[in-house]
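Each of the two complexes below includes chain A, the first together with chain B, the second together with chain C.
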Partner chain A sequence: MTSGLNRSFRDLTSFQTNSYSLLPIRFLWLDSDRYIVTNLAGNHQLLARDQLDDLVNHRIIPHSTLYDDLKANHFLADTDSTVYQDLLAAKFRSRQARTSEFTALHLFVVTLRCDHSCQYCQVSRVSQDRVAYDMTPEIANRAIDLMFRSPSPCLKVEFQGGEPLLNFELVRHVVNEVTRRNDGRDIQFVIASNLSMLTDEILDFCTDNRVFFSTSLDGPADLHNRNRPRPDRDSYSRAVAGIQRIRDHLGSDAVSALMTSTAESLQQPEAIIDEYVKLGFESIFLRYISPYGFAAKTATRIGYETDQFIEFFKRGLQHIILLNDRGVRMREVYSTLLLQRILTPYATGYVDLQSPSGIGISVLAYNYDGDVYASDEGRMLAEMGDKTFRLGTVENSYEELFLDNDLLPAVFDTMLEGLPGCCDCALLPFCGSDPVFHHRTQGDIVGHRPTSAFCKRNMEVMRHLIRLLEDDPHSAAVLRSWI
Partner chain B sequence: MHLSAKLSASYDAEPFIARIAESDNSSDRAKEARLIRGDRTLLPNGFRCVLRLGVARDSEIGIPPTLAYLRDGDIVRINPRASEIRVLYRRHSKHNVLFFTERCNSRCLMCSQPPREIDDAYLIEEILEAIPLMAADTSDLCITGGEPTLLGQRFLDVLTSAKQWLPKTSLHLLSNGRLFSDLKLVRDVASVGHPDFMIGIPLYSDVASRHDFVVQAKGAFDETVRGIMNLARCEQKIEVRFVIHRQTFERLPQTARFISRNLPFIDQVAFMGLEMMGFTKTNLEGLWIDPVDYQPQLRQAVRELTTSHINVMIYNHQLCVLEKELWPFARRSISDWKNIYMPNCEPCMLRSECGGFFSSALLRYSRGIKPFHQPVGAGWYHN
Partner chain C sequence: MVCGETQLRSFLICDHSVKFVGLTATFLHADDDGLLAEIDLGIYSVSALLKVVYKFTDRCYIHLQYRSGRIIEARFRAKDPQKSLESVAGEFCNELLDQRLREIVNRESAPVRNLVLAHALSRTSLASLPLEATVLTPELPPNQSGV
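Let's look at the complex of A and B:
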């Protein structure tokens, strides 16, 4: 093996030992004969059934290529080296780094009023009653006090509604007040808006204060207008015009778009994606409809099965990869997030898919009426009469909001590492916990994995991505270019 | 280019360090050697010595024409008893080296500078003497050996001196990183606070036993990896170096993945070809693999690292043996004084873009060496 070396040098075998111990691993059936194996740091490798058998039964031939791969992945260890302990610890620590930073995302629901009456909308009211549905400056000021209690070095202030532009005076007030009181944090402002009410005055203010926009775009005009009705049936043209005006004023990166998929969307992922390309977006989030607000009430009309969503997602992803081949810059946001978790050692921030769950500790929602919720979905549930995720009101102290309720027990009880069905799932390092979803759909924050749409959807999406990475070098190269 | 030569005569005096002066407008003559070319008659006063390129006169030291490149500001070491002169520093070179010691705690299969267990502590003293004589606009200095960290406190003294005298100079340390497994040493390095300091550390495999085999030291992999982690903890800039040969090339892609998964905080990775010197010559048959034959592994490794946003550099590879995809990563790195081209390269249109060879490469080089007869379109080279 090492012939050709001078005899004063020792050969490779004199540096090797011949038995190994297993490090903590999880495995999951992928397809036919293959298993996904992962460790707590998120390293992954595919093994054939007999290889997996050999691994756990200590029958891997020492120093074979497979042995070296498993060792380098920290799935097994031998006495040649102990530094894997330091490396695993460092990797695990990096992946959890965001947990200690605490709440970064702060949602200000400045009004529930809206000029749209979208069929899937979670919360909005078409109403002129400012008193009943607008947040007051006093409530906003208390919310700002609470926000600055967060230890996070980065704060993201997101204005939600309803349609926040209907109460732009309050948006202006919050931006000015937060900027004035900034004690050295990195602060971002985003308005979630349908853009139909955009004025030059609003744009000027947003330009001066680096306030960005996030809007809804469901696809081509007919689909978008059907999903998002307005009295004049002009939701699409108003959104498109708004996007253009923001780009002209604030720059091309100042507006992003989110799509919500309905049963009608499921038939046409390609058309939806092409619409995003046409409008100059370089990313799209193929998003599942959430079971909250009006979306739940009208479920029979627009609801759909998880299987259909997965087919939609796969078709969409395929189309995006083809677009990449043609030189079009476009990536899918959810895949990108998962690929970062699968392929890199870094922590990724996404409040809806992390463990411990992001409720409260990553996001707080200050409702128009002064109530404080553990997430955006939590306040949507409240509009349907379920205040499970209400932490208190802005009149409470920071300590009371976090400690005088069931938040921390809920966060603790729903960590994947202890959940039945999750604790031994190989996809755990890439996945997250969603107690609000499971409460809503299964009546229990822990939930039942075999019947969970959340679990099924995420497992299928991750399996699909891992298969593409493994079996389709061409798609894999495109996917890798997104991270 | 010769970096040392015989003096015209010997005389009884201790070795000394001196900076070359080509004029008399110097303020520090006691530390300078006045260089006179040809047979000009000059009577300079107060210099440490007078060097003459030509026939030495009374009280002058004659040096041979091979050192005619010496310029104002260069630094030499003169050993009168052995009648030797060695060039330590060239003011206008980007390849100046501070050679700390011949001692080393590893014994790498392909070491170009085989270690010797000798007492060469005088080297570091001369370096400490030479640094204040160097020009403040020196762009780069490389610390090498042997294993420079074996010098302990003296190693830290050099960092401190470099920071004091040459704060604008990039300092690059080549170390096997093993002693950095001691966090105290790393903290001491960090507390020097040199403004532009990078440490290049070799990692030859993702598998401990193979790395240990390549460096011929059991436990070296663990020490080196812990060293890299300690350096990162103290926010030091780190380059991982990988010499490609028959004992390392197969796990190039896996090693790149190991780096991107476990050491993603490093600043850059340098892939290097063999230099046909020292132990590489001794072990040539066990080490040689034609670069043409490891292009697939190298390409995969580079892709893995660039996807992970880690800078990659390829050293000591000629453009004609590299896949075109890898050209943007190729660097012209071989020190000017040992850089050559093959006769085959004469008509090549890309010679000025290509790193060429170590002069030692005449011993063996790739079957893939061939001249480019067409210029290659602009835009490929993003150095």
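Let's look at the complex of A and C:
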């Protein structure tokens, strides 16, 4: 070939060399004849087995459609362009951006008291008159000190319980104190409440201070009331009335709802979703039950197998897609989080889907007694007598909480990039590490992937979403509209 | 009984290792003590083999030992004696193939991977790119737990 000529004038053979370089990729079978291929930036593409073999063995025909797709996804590179290094680096940094902003979520467990006695409650319940289970203003002030040590420009203060409204004076104190001391951060307040104790006074305060609510709604009245007993068996009607009052005072987006799925729930995903539609919600989180607190103690009564949950999830997702077809605005939250990770280069803030794990570095939980935990699940375990994820107390310094315990070694040891079974998995860029779950279910923060319910559930849900995106254009259009 | 022979032949062809085709007759055996696989270290590394057998530890007890300097024997015994090892044999062949490809990719792309990661984690100036500017004003995390 004559040097110096514009490449457009080269003969055909010069375009047919297979001198591309492989870029870092991972792959995993999707079904009997297709593989999911991803890279460290989260780009993904499906390949047949022979196409994958051709790619790795440099047999892809240059400038074929497949070649161009693989190049555009940064799975291979040639001498035509070198910008892939900058692009891959920028995308990778974007996906990891939250790591450097860490500890955005701060949970204040203002009381363990509660008026409900839910089957699956994730913390020990105590009667309403046990003042010994309330957080004091002194403890709250120390927790606020620690919270403002976080480098995150955005802070979310979530009030947890028990039932936080049973200690609303402390909620009021924390909101006022955090607002007074705000050093320019974007701060959100959320009360996780069953809403049964809601009063006009509380609503007025929340309206004035833009305090939002997150409540529990397990589905239709009979299911909700069976899952969430209270003395007058009126949990559902109180929750529904509370939702409406919040919307009237604070606006329609000021209250969200979360469901917890028990074995009984698994039979009726459509009814649960329809209940959310009926009450005007535009999203639902089809949540796996956490193996903590009373959910673990009563596992034989309310528990279920992962396979059953996956079927429930798929049925529910199908129903939501059908609702979208009929013009009903509704999306599934977990799918949306995963789709953001699959289809965009951006990070998501969900603690369970992060690597490095979100424990400690994305969330801190300040317990009513002043103990500080690396996650909400960590403090739930503590209520079961296992204080593995206790970092210290609010009397410790910020540095002591992060450095004088096993937190950082645990975060390091559970990074997916170094875990057996995960390090080669094509779903790694979309997945996360959950050391608390694996500690609870397998007795080891790293866990054993071939028998991990977390791994099985997430792999199956991700494979299902990717199949819908690839094989079902109609469902794909609905799913893409959620992000 | 020889298991997974078709898949094995297929792998030998696409792996350009036809010279080892003589192993097909003895690669996999099923007997009263489970499944015995012979793995040629001229084709697969020990680390690739370890990664593959790890995937079967949900269903099988697995023991590895050298038969010679070049051959490793992997003994699979079903955790549930009622379960057949036939599917294990087939999956094992395919997983070995996959792991072989992964090793090629990892070896060939390691310099680029290291360069990209070093570039991504060291150049703070990248934070000013529009793509990342969007991430620096992130949504707050969704609520983690119910009540």
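The rule is short, and it goes like this: the second predicted complex is superposed on the first by the 459 of 483 C-alpha atoms of A that agree within 3 Å, B and C clash if a C-alpha of one lies under 4 Å from a C-alpha of the other, contacts with A are read in each partner's own complex, and residues count from 1 in each chain.
Please note the rule applied: a contact is a pair of C-beta atoms (placed from the backbone, for glycine too) under 8 Å apart; a residue touches a chain by one contact, two chains touch by 3 or more.
Values in this document were obtained by computation on a predicted structure and should not be read as measured data.
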item: First (chain B), second (chain C), both or neither touched by A:Val363; value: second
item: Chain B versus chain C as contact partner of A:Leu105, first or second or both or neither; value: second
item: Partner chain in contact with A:Ile483 - chain B first, chain C second, else both or neither; value: first
item: More chain A residues in contact [chain B versus chain C]; value: C
item: Touched partner set for A:Gly421, first chain B, second chain C, both or neither; value: second
item: First, second, both or neither for A:Asp69, with chain B first and chain C second; value: first
item: Which superposed partner A:Leu337 touches (first chain B, second chain C, both, neither); value: second
item: Which of chain B and chain C A:Pro345 touches, first, second, both or neither; value: both
item: Partner chain in contact with A:Gln267 - chain B first, chain C second, else both or neither; value: neither
item: Touching partner for A:Val190 - first (chain B), second (chain C), both, neither; value: second
item: Common interface positions of chain A, toward chain B and toward chain C; value: 86, 90-91, 345-346
item: Complex contacts: residues of chain A adjacent to chain B; value: 2-6, 9-12, 14-17, 43, 63, 68-69, 71-72, 80-83, 86-87, 90-91, 343-346, 480-481, 483
item: Chain A partner contacts - residues on chain C that touch it in the complex; value: 14, 51, 54-59, 94, 98-99, 101-102, 104-106, 108-110, 112-113, 115-117, 119-121, 123, 126-127, 129, 131-132, 134-147
item: Contacting residues of chain B [partner chain A, same complex]; value: 107, 109, 206-210, 212-213, 216, 218, 221-222, 225-226, 229, 246-247, 251, 254, 257-258, 260-262, 264, 279, 282-287, 307-308
item: Residue ranges of chain A touching chain C (in the complex, touch as defined); value: 21-27, 29, 40, 52-53, 56-57, 77, 85-86, 88-94, 96-98, 101, 104-105, 107, 122, 153-154, 156, 158, 160-161, 163, 186, 188, 190, 192-194, 214-216, 256, 258-260, 285, 287, 290, 333, 337, 345-352, 362-363, 375-376, 420-421, 424, 448-451
